[in-house]
Amino acid sequence: MSYSFINETMENVRKKHPLVHNITNYVTVNDCANILLAANASPIMSDDIAEVAEITSICNALVINIGTLCERTIASMVEAGKKSFEIGNPIVLDPVGAGASKLRTETAKQLLASFNSSVIRGNISELKALFTGSSGTKGVDANALETITEDNLDEGIKMAKEMSKKFDAIIAITGAIDIVTDGEVAYVIRNGHEKMRQITGTGCMLTSLIGAFVAANQKQMLESVVSAVCLMGLSGEKAWESCVKDALGTGSMKSRLIDFIGTLTADDCIKGFKGERV
Amino acid sequence: MSYSFINETMENVRKKHPLVHNITNYVTVNDCANILLAANASPIMSDDIAEVAEITSICNALVINIGTLCERTIASMVEAGKKSFEIGNPIVLDPVGAGASKLRTETAKQLLASFNSSVIRGNISELKALFTGSSGTKGVDANALETITEDNLDEGIKMAKEMSKKFDAIIAITGAIDIVTDGEVAYVIRNGHEKMRQITGTGCMLTSLIGAFVAANQKQMLESVVSAVCLMGLSGEKAWESCVKDALGTGSMKSRLIDFIGTLTADDCIKGFKGERV
Amino acid sequence: MSYSFINETMENVRKKHPLVHNITNYVTVNDCANILLAANASPIMSDDIAEVAEITSICNALVINIGTLCERTIASMVEAGKKSFEIGNPIVLDPVGAGASKLRTETAKQLLASFNSSVIRGNISELKALFTGSSGTKGVDANALETITEDNLDEGIKMAKEMSKKFDAIIAITGAIDIVTDGEVAYVIRNGHEKMRQITGTGCMLTSLIGAFVAANQKQMLESVVSAVCLMGLSGEKAWESCVKDALGTGSMKSRLIDFIGTLTADDCIKGFKGERV
């Protein structure tokens, strides 16, 4: 199996320098901007309803992340999503904390009902909350009982494919093991390091990175999401390895993770890819 | 004197993995989340009135920080504080900039009147503004004339104990010398490094860290606050030492401070503790 | 030509420890605060209309950055700007993204009409949008066709001087080549490194840094802006050099840029200054 698509999709991001509109949370927004810049994309953050339609129109993709949603920004998310969908731009939705509060679950559902997302990325409990209406999220981490493991992987893939069909979107369930599917084909990806869980926003950063990858690779949407997931995971692995070597911890790991997003080559990713098409 | 309680309180945070709800400012929120994760706690940031009561109900503690308060979030702070108090969760209040504006002083007083905080952490001028109604804050730093020094330490301890009784809360006055008291017993702590003043949010980060410590140590509240203050100060010392060694400055120091929050052991803290029970 | 004013202006910042009120965006606010602290200034962030006039009154300068503007904060910007102008404090305006949306262009114009800014800093397309009403911004980067180069430098200087006269403000157009002018005298500055474009907020950070420099050097406003631009650019150069040496990337570069803001001496800046008075 050749994963040369990683080369094409990464090259497209680096060459096309896509502009990504992010309506995201104020916790990790700086890291999302920096990861986009490291990947040679350009971020623009804008959440006011008076300008989001106009801003999204000059961009190549829209990322919506509900991490610190409020009434004001929810309206902007709906407005921007509708506009972006209307003009045919890819939309990536990150339903942060869906299941943890009615507001989050209902907002995610409202967004799903207002426009078609190209990609939905979340952990298993967030995505289950959207899919089934059930909750059980512990903060923004996946409920321990609901983690994807080697034992329940087939079940996870099946559920992801069903979600994909239901929402007509590529689904990326991320955790220790990641599943990416367009409803027909699925990829299982095992890159990443458990220490990434001790950095806030690795999920948010990945969502923004996916925004850049789908913006630059609209004819290879599934492959571009897989590439972004691989690049993020591998950067996390390399960042932790480098921190261990220098006796550093998770604070420095965050900076180095962003370093590797910019310095890893497509060859590094193809060689380091720990995944398979299933 | 044995400070073995540092071992117990740190172990409890690492084992219990407490979930801490933060309604905090957008300046330092990312660092607050990362310091909680480094300590093996879990952060959730949420400030919308439509969900704060629900979010705080699934958490183990609530941290309220008024650093970039506005009308919308003040209402959420009151709502979340009342709910958290009702269900018996510890609340940590950081009255950032109290004394610097009427809005901040009045908001802090409104919060104090709306629910009982378990811990109030601030610098001396912020706490004096709450206690006496006087002001004199220069930004978010303690007024130079009002710093706690070895010369006025007894007076500082007396005032802290009075504040503690007045507000029925553990008081943590932090600066070059820190005082932590429950109104009866007081600890004086001299950990930390003056370079920490050149990193924004060391106070905010400590407040969030205290949230994790009290959440995981509800039977040893005073000791858990002392432990958090020690861990923060020692991490700052080690971070600066490490930056000097590598010819780095305060930008890198911030990352390394978070590194040490995760890598320092309880033994390191007990050995490095520069404090006493008074 | 002696650039000894760099020594005087830097010393003044380090001695006077100016307090700078920032109404800025939530993307880069943490870095703005940290760069001010690294330079030995003090930041205060406050954007609520109930307190901005009071806060700005206790400060030495006001920085307004429209990077994530919304209706609520626009009103606060106007209020704070009027107050700051009334009491004679310098105001630095950063019209982030002017030209990218009507809201941004109109807000920038509204601010210009409400009070006199002492300094306006932006990239060429943002400043052109203010000056001519035209747009063409790609996100927050300068439109490639409108970059200041050695070939069009004379034209750039002429336009900057005209802008300066029109707005009665020092103009700082920053990019690969920077132009700073008070309408009569202009400086061309070539410090900086292209990798700075892969860090979000280098422009915002510079704007806040300028706030500290003008606050501490009100009799040498033009020279103080030039000094801030030089310090920022040189810190970027040194940061990247140091990252290359350690095989790090743009994530670590951000931290090290802040490191150098604090550790570079005035002598380093005078020796490293790549500019000229024209």
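Letters A, B and C mark the chains in the order given here, with residues in each chain numbered from 1 onward.
What we mean here is this: a contact is a pair of C-beta atoms (placed from the backbone, for glycine too) under 8 Å apart; a residue touches a chain by one contact, two chains touch by 3 or more.
The model shown is predicted, which means the values in this text are computed figures rather than measured ones.
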Proportion of interface numbers common to subunit B and subunit C (over half same, under half different): different
Angle, in degrees to the nearest 5, of the Cα rotation that carries subunit A onto subunit C: 120
Geometric centre distance via CA averages, subunit C-subunit B, whole Å: 33
Touching two or more other chains - residues of subunit A: 26, 30, 252, 254-255
Partner subunit A, residues of subunit B touching it in the complex: 19, 26, 29-30, 33-34, 37-38, 40, 42-48, 50-51, 54-55, 58-59, 72, 252, 254-263
Subunit A residues within the subunit B interface of the complex: 25-28, 30-31, 67-71, 97, 100-104, 138-141, 197-201, 243, 248-252, 254-255
